[in-house]
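By written order: A, B and C. Residues from 1 in each chain.
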């Protein structure tokens, strides 16, 4: 059930690359245990938005962020350990990335970095996360194979397994289905629907129908601005606040 | 690709390409140029073979177990090169210990941390210049800094440190290349999981760069073993009757020894000189060949 | 349920800085130190050679005599003179001959390897060039002494085979690999679209090379030659052993000369630390450092200018 507690509160967020404004004046809330969809054409600032949620802008040279982001009650610009923040947030990118370690080590990486050392505990985590990511059956006999040599669809599911191995509170998915075949996409969508009970999910997608299938509420970004946020059902049945949202949903541009 | 650039490059009289490819005259010219440049290349690379051949023919007979393992005798007109070999090993070892950690650290900084600013540009310029400074100037630096200022006197330590500074660029460049060959996507995946820069480096980046680093180290070994000027006044001795026991001792060295017996000692038989030169060049070329082979072996073993 | 994982809460505490946090900062500092080490050493080189040579510069140095007189007689009992003109002439003549001999061949080889050779042949040639570069300078000097010397004496009927010709050829062979490699990189950097456009207009391979590729790679080729000059300028042992011993301005390629680098190497061992002669040699070192610095800086700027295109 979608809770009323807020997982994430964003106020007046602005992102610039050098002197190029990429996103301005974004304010929104994400509730616990909901799937929050973000749609919009390419270049509207969706990916930049995601990157600020786990403070990845620190690692990029000319990226400046203004505004406030409150995660689980804390303003993330005031915390002392940014790595702890990132550990609590799992991220899946558009391009599948299998690390050049064994499949086992790919999934055991995050737990090990958090201090878990006993083989029994790690074995259990690896199997659980690979199963949740719908990959276990395909790799259970080749856990020593290099993650970077798996197929694209497998690498994407491996990425999800890695994200799950962090035991995250928040899962960010950025157009995860781009480099993945439709069957795998469907499997992953089923996984997400299950995960919703334990994890809050933000799903950036360029597939409007995917948002319709999965998201409880959806936000529409256009040219660096947040146009509106609404219940997915409402938006898709035409109850929008801004005409541009309707235009985008009906495929008139983007 | 900006097509106007290509157009500018070809902005010449329209008659320039009036001859067509199929013209027999052009075909002959084509063959001529190919042969000409091929010949030039040959002339450039043949010396390696010729030199090796001459050294083997004239120096080969001198090579024997005795030659390699005994000391020079009769005022260095007879005997072997053992102390020089040991000395070179000492010098190379200490130089590696001094330069590899610093070089790898510098490369890690340049590849993983350095922002695009004037300091980074300065560092890159400094590396290029370190590599380009004449070896005798390195020797002067070694005398001024290590022999005199640091008080090490003429010793293996002073000579090795001088060599280390001189060959630092080799390690830095080889390491940096192998680090940069690791795709950014791997690092980003780790950072997003909450790994620190160092955790990312030691888990994903460095393990995949080790082989490249090794290639650079082997290359450094070959360069260090062949250098003469930097060690001439900092620790290499004309003749030293004992094997070195500590880094504060002086020592003989292969490169220095070759120089000495071919210029400063009268009456050394040709065979001995050629044999020494042959040993040195074999050592160096062997290290290079290993490095090259290792590199092409690595190229075949793709991990992503 | 994902929730039950035996995990120390500290790793998820947003305000707790654990060991990994401090390790990360420490490593960042260590590698920074490593990074600036190169700058420290370059500055250090300049500082230390200036320190040892300062006495000469601030005292006995007569700039006009230094650069204008060919009389380098530091050990003269009557009146030591420190004119480097002959030494500069020695370096210049040997380097000059080396460039004349090797630039065409290096360029030709770069063109052949880059534009004509393919696959296996290219790899083999590149390896051979690399091995040529690996030969130690003292071995080259030895070759100059024992192989080139008698060869020149026989071939040209001269009494002594050590001199400009001998060391010029040796130096040419030593500088060739670096010029070939850099030139090859410069040629490779020319986009294939240039070549394809020219071929589409009907140009033959050699026309493509001469009229399109070479002009486009001009900057990189200039840089290659500059670096070759720098290499020749700074070479010590080979020149020391193959160029003879007399200090004079050469009038023929068979003349014996002395280069700046060789002078330092030949005389430093016989000076007393801190003596005037000793300091003068360090001053030669400063001169060498500055000149090679300028050459390297110029080559780098030229290459950077090319990359911007």
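The rule is simple: a residue touches a chain if its C-beta (ideal position, glycine included) is under 8 Å from a C-beta of that chain, and two chains touch if they have at least 3 such contacts.
Model, not experiment: these values are computed from the prediction.
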**OP:** Considering only C-beta pairs in contact, identify the chain pair with the most of them.
**Re:** B-C
**OP:** Average the C-alpha coordinates of each chain, average all protein C-alpha coordinates together, and give the chain whose average is closest to the overall one.
**Re:** B
**OP:** Please report how many Å separate the Cα centroid of chain B from that of chain C, as a whole number.
**Re:** 13
Original post:
Measuring from the mean C-alpha position of chain A to the mean C-alpha position of chain B, what distance in angstrom results?
Top reply: 48
Original post:
Quick one: chain A and chain C, Cα centre-to-centre, how many Å?
Top reply: 53
Subject >> Touching two or more other chains - residues of chain A >> reply: 83-85, 87-88, 113
**OP:** Quick one: which residues in chain B touch 2 or more of the other chains?
**Re:** 196, 199
Original post:
Taking each residue of chain C in turn, which ones touch at least two of the other chains?
Top reply: 20-21
Original post:
Inside the complex, what are the residues of chain C that reach chain B?
Top reply: 20-21, 23-24, 27-28, 30-39, 41-42, 44-45, 48-49, 51-52, 104-106, 108-109, 111-113, 116-117, 123, 125, 127-132, 134-139, 141-143, 145-147, 173, 176, 180, 191, 193-194, 197-198, 201-207, 209, 211-212, 215-216, 227, 230-231, 233-237, 241, 261, 264-265, 268-269, 273, 281-282, 285, 288-289, 292-293, 295-297, 300, 309
Subject >> Of all residues in chain A, those that touch chain B in their complex >> reply: 54, 56, 59, 61, 83-91, 93, 95, 97-101, 109-110, 113, 146, 148-149, 159, 162-163, 166
Original post:
Quick one: in the complex, what on chain B touches chain A?
Top reply: 115-116, 185-186, 188-196, 199, 203-204, 208, 303-304
Original post:
In the complex of these two chains, what residues of chain A are touching chain C?
Top reply: 74, 76, 79-81, 83-85, 87-88, 111, 113-116, 121, 125, 128, 132, 164, 167, 195, 198-199
Original post:
For the complex, which residues does chain C have touching chain A?
Top reply: 1-3, 5-8, 10-18, 20-21
